[in-house]
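Consider the two complexes below, in which chain A is the common component and chain B and chain C are the respective partners.
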Partner chain A sequence: MTAVAVGSVDSRVVGRERKFLRRARYIGVPAAVATACVAMYLYVQSQELDSIESRIINARNIWTAAVEQIEIALWATALTLVVAVPLGIALTRPWARRVTPIIIAVANIGQGVPAIGLLFFIYIVLIRSGSTAAILGMAIYAVLPVLRGTMVGLQQVDRGVVKAARGMGMSKQSVLLRVEMPLAVPILLTGVRTALVLTVSTAVLAAFIGGGTFGELIISGQAQGRPLAVAVGSLGAAALAIMADWVGGIAEDLLRPKGL
Partner chain B sequence: MQRTMNGPRWVALVAVLALGVTACGGNDEASPGTGSEDAPSGGGELISDQFDLSGVEIRIGSKDFTEQLILGQLAKQALEAAGATVDLTENLPSPAGAREALLAGEVDAAWEYTGTAYINYLQHETPIDDPIEQYEAVRDEDLEQNGIFWTEPAPFDDTYGIATRRDFADENGLETLADVATFVEENPDEATLCLDSTFGSRDDGLIRFEDAYGVTWPEDQQTVQEFAIIYQATADGDPCNFGEVFTTDGRIQSLDLALMEDVESAFISYLSAVQINNDFNEANPDVAAVIELISAPLDEALMTALNAAVDVDGEFPEDAAAQYLQDQGFVE
Partner chain C sequence: MTTSVEPMIRLDKLTKHYPGQEAPAVDGVDLAVPEGEIVILVGPSGCGKTTTLEMINRLIEPSSGRIFLEGEDVTHVNADQLRRRMGYVIQQIGLFPHETIAQNIATVPRMLGWDDKRVNNRVDELLHLVGLDPGRYRNRYPKEMSGGQRQRVGVARAMAADPPVMLMDEPFGATDPITRERLQNEFLRIQEDIRKTIVFVTHDIDEAIKMGDRIAILAEGSRIAQYDTPETILTSPASGFVEQFLGSGILLKRLNLSRVEDVHVAIGEWPTIGPETTAEQARQQLQQSGRTHLLLLDGQRRPDRWIAEIDLNPDRDMSQAGTRVQACVDSRATLNDALQEMLLNANGVAAVVDRDGAYAGTLDLETIIAEIREMRAKALDNGSGVVVGDDT
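Take a look at the complex of A and B:
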């Protein structure tokens, strides 16, 4: 009796602590990013920019870069999810057992190929639009982690639970939708978060093929020996990646089925 | 969790990738012309008869694009012909890699362009119009500030240009940059321009064209991309009808691009010379003398032909360089 009571108090304390930590993360991460951005802003303001720096580091360029990078990342993530989640579900069905290794191998190639080579290939051979080529390239790059996430998520679902659900008379489809998927959601969401962070951060490579993004500030600054421009571009890209991770984290907390 | 990438790592990554993607161009056409046909029959002054650099060890750096690879090989082979032991480090990242290696003492000498040095390294904002005056300014300042000696420049000028595909030029009667300016004003919808990440922001870049020809190139018609893919994108007219080019690039010839004549001299000059650590130079003054000897005949036609031999005919830079030294009578 007492042991149980103590245990429940403990878990309540742990729960409260966890809640506190989560809140700290919710507020702390954007606060830290904002602080870094403001600090950079103030530093840039305090510097006298020469004509080259002021052509690279200006509000319009930074705004365009951010919008381009977010757009590429969102489209790429959407494309990744549309392809990888259904594919992941299909590949965990018993009837797909034979093709699974083949598909995984293909997805592996997508991630194994150097991202920059993939981008140039897509741009030169397939699509002469920097942003579209980048979206496709990023999506190919991010398919594997999400596919893996979906598959592992579904595979770790206790077979006993599935059998019990079938035994209760649920159809295969409703087992998938009402038992397997909900139980797989946490791992699936981690995959989504991975895809988002991967695409946001690799999107800077789009600058090489005319897709803009913060990569343009980085490359331009590096090429002309203007480290301040590189720093601003890097901070912008890093801030977006960290915020993408942050959003992904919140989505994981909110979308995770209650009681898990 | 996924705090994957942070700033500095990205800079490093992008820098490394930039290294990997420049260099080699397309070899679409196998048009002959190794440069030998344009060559004057050569001074016939064998390097080995005039100089003895035996016992001298020199480390040379060259950057990561065709012209630099050829120039690096030229210096290496010429100095070896004089008896020196040469250690050539190729493919240092553009534009500053070779320079950084030089300043850090990792190499003793490296080719550089006066325009690049004046704007990027000496951090001036406004270039000097006269090529020789700009060279002299670079030479004097760099020696004083950084202890870097500059050899006399080669005569060829590898400057910026704007090119378009041949049939597009013919259709629209485009021959000069003045025609291009008029075209931009009258047909802004078709005035698509592919440019690299520096051309739009450097003082010696697009703004020189805009100021000289009194036109503003619409920002939304500009596609900023890696330099190496601009040529093909321009030749295909997809996505750009116009492209930023280097005037001595062999691909202008091989892809049959029409280089617009710069009638107002908007773009400044980029003369090539070798920067040598001055301590090294004072100890071995003949190194600069050998470089100056071999670079003296190197005009635009010759340099373009050498670039084309590599980018178009697929020759190795070392073979193109060796051919030049033979044609000019510097080696047997």
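Take a look at the complex of A and C:
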């Protein structure tokens, strides 16, 4: 748990530099997003809003939209993880060698389907609840990056390390849990981060099937010719996506095993 | 159970036949590995030596045949349990990069359920044994260490639970020649104390001769072309294949059989001085000895410089005079290593040091030539068919 003395002066310098950049990113990104939001707030304040605009652009609407969008994204990401990580582990086991290409092909197709079409299909054919359908749709959409992250993460683990572990008498299961998974974590997390950003940003589409989110502001603003509402909705959606990426980045830094 | 009659490891017609391949990769190997010895499996690439080794700890399951460990048939016992009774070192080392050196070494003891105190004591003991300061290295990560240091940790990890048997697959193969030689010498020193039963795979015949108590020279399909001590193999190769594999320069290879400490190391023939000796005292000592050079030792008695009479200038710092000692051999090094060092050195003399690097004597070319002469005489007495005269 305590900080470990790094061996050479070189790596210490590099470490310090990296730490500085990391800190800049930790503070800089939320600061930039906050600045944009404050600027938009001041601009909206300075405008005379007509009755339609003020019905769309108000604190309650924006708060609800943000909560809906975050909820959909989090549930979708959670669902993705539950499906894609075990699937990725299974597909990298030697006994799954035959089915792996087939499943990868299916997952690729899943990502290739236009998100909006997928959402309507699920909504109309399967689930008539806007937000549930959206969660399912987003999850299907996000499976591929997590699946790929899990598989690539596991496949890049040095074979010599696995062989040494097996040769010392570790069972297959403990090699997976104690060696392969920790070493796959950095790449796996990159996949999760991609999935999180993907679900947060595509969650606006849920508005088309009554799932709320910032998409709601954009659609109503567009339908009633109120560009200011579109702008507020877009900024909200963008801000959430950027913050999702920021959180993902921090998670990658914190969860990366020491020594890698 | 383990009497001197029953070998530590016995392979009985051990065979590996991969499906879809015509010839078996390993074809009915019979091999007995006596307790406390290093047995080397050496052969051309693709001869099945690694496959044979990996069948001993059943990383590769044999198609047929049986494996005995300490007299017990282990061909079908739980493979994970079996492997915890055998240390395993591979060329890639395979340290866990996300674990500290201490955690790496503790892998098998933890699996065996040792308590913290016992594990920690063992880790420190092993780091000492392989020449790494525990205080400095136990909390480091593998990437913070050099290749040679990592290989030492690999060996320590394999020995952690004190298994009676160690399997080593080209353990020093990925290191540079200087580090490799050092690791080999260190390992032989350790083995002198621990007396493990070791099966060691290499493709390098020189390494085989240096490290092995016995050598199994393998032909294709892991068929044993000759299984004997290095001395016998070098003096009477069993077949043309073996002779061919030994290659040219058998006589030079025989120099690998003798260690510096086994031959006469001349002490006192070369005058030595310490860092505090003045130029005048040095000159007197040199003249009394009747030699051309004297050897300057540093504060830890390590050979530092060869100094000739003309280098002795009272105005100059002694530590800058003369030439640096380039040829410096460990007393555990082979005569072959020593010869190579000597050829690098201008006056044909190698300084011999003990395990702490302190001066132990010198070795000169004449001693080595005398040794070669003796070996050749012995070989001719044995009536071996090898022509050795060509090599001198």
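Keep this in mind: the second predicted complex is superposed on the first by the 251 of 260 C-alpha atoms of A that agree within 3 Å, B and C clash if a C-alpha of one lies under 4 Å from a C-alpha of the other, contacts with A are read in each partner's own complex, and residues count from 1 in each chain.
In the analysis below, a contact is a pair of C-beta atoms (placed from the backbone, for glycine too) under 8 Å apart; a residue touches a chain by one contact, two chains touch by 3 or more.
Predicted model only: the values in this text are computed from it and were never measured.
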{"item": "Partner, of chain C and chain B, that touches more residues belonging to chain A", "value": "B"}
{"item": "Partner chain(s) touched by A:G112 [first = chain B, second = chain C, both, neither]", "value": "neither"}
{"item": "Contacts of A:I242 with chain B and chain C, given as first, second, both or neither", "value": "first"}
{"item": "Which of chain B and chain C A:G28 touches, first, second, both or neither", "value": "neither"}
{"item": "Overlapping contact positions on chain A, where the chain C interface meets the chain B interface", "value": "none"}
{"item": "Chain A to chain C touching residues, read off their complex", "value": "4-8, 11, 158-171, 178-179, 182-183, 257-260"}
{"item": "Complex interface listing, chain B residues touching chain A", "value": "1-8, 10-11, 14-15, 17-18, 20-21, 94-96, 119-121, 123, 125, 194, 196-198, 200-203, 223-226, 229, 232-233, 236, 238-239"}
{"item": "Chain A contact footprint on chain C (complex, rising order)", "value": "57, 59, 80-84, 88, 90-100, 107-108, 111, 139-145, 154, 157-158, 167"}
{"item": "Residues of chain A defined as touching chain B within the complex", "value": "50-52, 55-56, 114, 116, 120, 123-124, 128-130, 190, 193-194, 197-198, 201, 204-205, 207-210, 212, 215-216, 218-220, 222-225, 230-231, 234-235, 237-238, 241-242, 245, 248-249"}
